[in-house]
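After this come two complexes, each holding subunit A, first together with subunit B and then together with subunit C.
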Partner chain A sequence: MAEGWVYRNINIGMGAAAASLSEMLQEPVELSLPNVELMSGEKLAKAMKKLVGEDVSLVVESFSGHFDGDAMLVFSKVHSMDLVRQLLKSEDLAISDLSEVEQEALVEIGNIILNACLGTLSNIFGKNMHYNIPFFTQGHCDDLLYFNNVDRKNQAVLLLTMQFVLEKTKIDGYLTILMDVDSMEIFNQNIEQYFDADPIV
Partner chain B sequence: MANKKDTFGKSNMNKTLMIVDDSRLSRNMIKAFVTATKPDWNIIEAESGEQALTNSEGLAVDIVTIDYNMPGMDGITLAAHLKAEFPQAKMALLTANIQDSVKQLAESMNIMFIRKPITQAKIKSFIEG
Partner chain C sequence: MFKNNHEINLQSAKLSSAKEPEDFFTSISQFQLAYGVIDLCEIGLIVLNDELRVAFWNKWIEDASRIPRSSAIGRKLENIFSSLKSVRLKQAIDAAICFGTPSVLSEKFNPHTFPIYASEPDRKLKKKMHQMVMVKRHNAIDKYCLIQIVNVSSSVIRDKRLKLHASLSIEKALHTRAILSAIIDAVITIDGNGRIDYVNPEACRLIERSSEQILGRTLASVFSLVGVSSTNLQHKIKQCLDKSNLASYQKQQAQLSVSASKNIAIEYSISIINDKAFDAKGIVLVFRDITQNKALTEEISWQASHDMLTKLRNRYTFDQDLSNLVSQAKELKNEHVLLYLDLDQFKIINDVCGHLAGDELLQQVAELLSGLVRQKDILARLGGDEFGILLCDCSIKKGLKVANKIRQTIQDFRFGWKDKSFTLSASIGAVEINRTSKEARKLLAEADTACYSAKDSGRNQIHTYRPDESEAAERHGEMSWISRIQKALDEDRLVLFGQKIVPTSSNNGEEYYEVLVRLVAKNGDIVPPGAFIPAAERYGLIGAIDRWVVDEALKMAQKLNKKGMNSCYKFAINLSGASLTSSETLDFIMAAFEKYKVPYEKISFEITETAAISNLSAANRFIAKIRGLGCSFSLDDFGSGLSSFSYLKNMPVDALKIDGAFVKDIHNDPIDRAMVESINQVGHSMGLKTIAEFVENDQIIAILEEIGVDFMQGYGVSKPQPLNDIFSL
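Entry: the complex of A and B
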């Protein structure tokens, strides 16, 4: 299946991201195979609540170009803090600095992981995309429904779920890509075009 | 001579390195990795392209690391300005943006492309390579 092949490619990109994360944290990082689902925004919030809990930490990177959307790295609040502690263990930090530095550390992790995924998509489709500066935010799962002032409650969204687990610290996070219906249509066309142009045996 | 193994062959000459990245964490990591082996180097930091142009004014910059995605000017645009200002400077685009188009742009400008995350080995290889 064309979709399966493309997502295996994304998985290769994510594998590189996991290697990067492992390099940053000096700890093995395991990735689950990507699972892709089309669902309503409302269902997405429920799914996230089940996976991560009600309070979430997000690193968001919006993208535009051939198709537009928001890529998000989602953690529970507790796991996001654990991840930052793991990353900053060798840093000399003033206590007063910690909160801001923690956020910056998460943004940098998000930056690398989200770019690995989005960059792989750009490269396999041969389409250049513009990425906005990633940012960190925290909130309730339901906030995902209204992110960027768009009401996605009844809108279809693409949830690309990949779990990455750090062996020692048991941190897991999820990557989601939210696109509106038009962008998803273009996204799917790209998958089909890619498959037509470069079939695999 | 004490410093005869210096890669640049300029044993008594300290270099000026400019780090351009909107992430303070990234700037700190690069600075720490450089300082570990080149404690005498002069290091300038900037969190945007615009600030990099201001902070480097009137200085002789030898080496530059540039992020790509930054508020305001992007890293490639900045690199073009810096190339005109410091034609001899060695530059690297140090970014998480792995798009082939970005990589090709950097290479067409004779700028090294280094994929984040930042590690000691990558920084060492760039500044000494």
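Entry: the complex of A and C
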């Protein structure tokens, strides 16, 4: 239920995000959302390792209110650099880490995408939701599940696989929304209510 | 949940708490406290109300914009900053107010969002602040939003520096890469874990794999040395990493196994890549293909040991081979034969047809000889027209048979050059090598002597060495002849001989003498001309000898004239090829005639056919001049290897001396007789007198009479004698 709803709505949000990225970068950027999956936090780490490897770059935007959670955009370390450097037109840089300026740029890109997704949630939950300023971090894949010493193994995760289609390459990114099980239930209930109230969607 | 570093939550200021009267003083102080903190903040804070007008403006933004709070509050941002045109900022504010979603505007994508300056100097320099802008909903007051501005100039500077360093290191890396790609050595580097992390194109080429097939693998899996196990190689690398053994891996040679069927010879070095603290960070392996070097070395050594022209072994190698055989003969008590071969007519062909023909002849003879010896025999060109042959495991008897076969084959051989055909002959000296043999150098000298003796005895012969020829050997050393001839000339130790040339009965001509020169050795021995004339010719002393002979002969003629014996003599004097082209000799001869008042018709000159032909125009000028005075000329050794009738038409001579080689066997050999007949006939038809040399017996005389040759000369007629004796002077 939630997956289908998220897929449809967030896909629309992605279109808007792609449009604002294209405008900002003044070059065509397409965002596609091939897949949405609901899974346990435990499974997420394994899935992520498989998808992006062990070294990951993250843009994290946390939210609270009606329910709490973290929305994360996950790239492999290499892909995050490819993405930023292609967007910043500095791909020949032989630095194996993102500089602060590049990290900020990645945060802005992540922010636009995450907002597109989270804005959809706001449609449902309105002013009851509070979002924090996104930030950049990188590390081992397992660390995804241990921010602020919170063990998310038992949390529920919405994993959205997305693809950046740039002029030169396609870069895979993964959008995850991590919530505790209670939050996920509330999320589901809200979606159902919203769904019932609005037959158009 | 997550608290971002940059986030200042105005909630803590509790603006609303000022409205609570019960705790006014506390509230005032808290408000002031909060206000003070906000103004102390090192980031810009702007609060916009639901009409998007400025509701708050902290000190930082006052300073950076030089717009006081009082004039900012209540105004819209676009009215405060006329140049503010950021669409992203507007979108971010809308998103914050409508959806509550926060936004980050990076400096990279939104350069200088607000037209503000970090400092007064920057303002003067119009260097706008690098900034990161964060927009979020004001949680406490609905529809209000908070804009935070962070000065990120320092990270932009760091970023620029980083990029500069990066581009410099890229340049450096490209530079290094270019060098590594360009050098002719193969280079592979291995990281501390033993994995290949770099391979240059030459290494890929030699290993015959692409860099993708090499990178990331262990060295042993792509670089296998024949005879060195992979563990051994890994061990070497480990030793290098442990620094325990370095020196021994410089310039090692090995066979690199490229595939199951292909190995290449390489030279390789292994060295450590150290970091600044001199800890091993990896290994660099440099290697090169030395297959070509090896081939080159072999080529050079082949060239050093062989004669380039004939591809036979050279003298140096032959000497070694001979030494080996000599010691082998001593050890194994077996016998070998050394042959020393000299081509008799080589010089003629070389002089007449040029060096190209000479070279071609040597090559053909080399090939001819190669076919006459066995695989195990050794054939070498010892220099010039001399060849050395070692007949291994061969008795002298058998060796002489082989030598004769060689002599015969060369005699039968015809050398064609352009439209001419030449016959050849070889003089061969043979020496037995057995357990009593002397050292190699002496054996070679003996063979040389025997060869010389064969030549001296009329060529086209084989002589074995006899110890009594050692004197001849001594004489034969040409180098020593230079000084000996010079000395003999200085000390007047040359002496004139004469050999009578008599008319045959069919001819009514008068007899005369060929003037011959002999050298008197210091011990009084008479040295024949064959021993020193070649050396004199080679070393440029022949002109001097010719002049001596002319002077002496004319002096003699003067004496005879004075004695009234002018009817007793007529001399034929030999002139060398060198004299024919020498104006000095010409002048000398003319002056001598003047000096001694000798009638020109009393003197004739003999020039060899070869000397005349090889300098035809000069010879013709010379002959014309002397002949014009009244002297006559005859061509010596006519028919010796040259088809020279055609030249004869152009040669202003009076007589032909038929080469003795045709004459001495004329009574046995019908071909020789036919040759003599035809030369005689051609000579006569051209109005020339004919003279036969080497007339050794009555049989020959009878045949020559029959053929109708005009004159005869030889031991059968008269032996050479000192001129003084002949004329009793």
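Side notes on the structure shown:
Assume the second predicted complex is superposed on the first by the 156 of 201 C-alpha atoms of A that agree within 3 Å, B and C clash if a C-alpha of one lies under 4 Å from a C-alpha of the other, contacts with A are read in each partner's own complex, and residues count from 1 in each chain.
Definition applied: a contact is a pair of C-beta atoms (placed from the backbone, for glycine too) under 8 Å apart; a residue touches a chain by one contact, two chains touch by 3 or more.
If you're wondering where the values come from, they're calculated on a predicted model, not measured in any experiment.
After overlaying the two complexes on the shared chain, residue contacts for A:Q155 are found with neither subunit B nor subunit C. Shared-chain residue A:V60: touches subunit C; no touch with subunit B. By the touch criterion defined above, A:D68 reaches subunit C but does not reach subunit B. With both structures placed on the common chain, the touch criterion links A:S20 to subunit B and to subunit C.
With both complexes placed on chain A, subunit A has more residues touched by C than by the other of subunit B and subunit C. Once chain A of one complex is fitted onto chain A of the other, the partner contacts of A:N115 extend to both subunit B and subunit C. Applying the stated contact rule after C-alpha superposition, one finds that A:F135 touches subunit C and leaves subunit B untouched. Comparing the two interfaces of subunit A, the one with subunit B and the one with subunit C have residues 20, 23-24, 101, 104-105, 107-108, 111-112, 115, 119, 122-123, 129, 131-133 in common.
Interface residues of subunit C, counted against subunit A in their complex, comprise 1-7, 87-88, 91, 95, 99-110, 132, 134, 136-137, 139, 142, 152, 155-156, 158-159, 162-163, 166-167, 169-170, 173. Of all residues in subunit A, those touching subunit C in their complex are 20, 23-25, 60-64, 68-70, 88, 90, 92-95, 99-102, 104-105, 107-108, 111-112, 115, 118-119, 122-123, 127, 129-135, 147-148. For subunit B in complex with subunit A, the residues that touch the partner chain are 22-26, 28, 69-71, 96-101, 115-117, 119. Contact residues on subunit A toward subunit B in their complex (touch as defined above): 13, 16, 20-21, 23-24, 91, 101, 104-105, 107-108, 111-112, 115-116, 119-120, 122-123, 128-129, 131-133.
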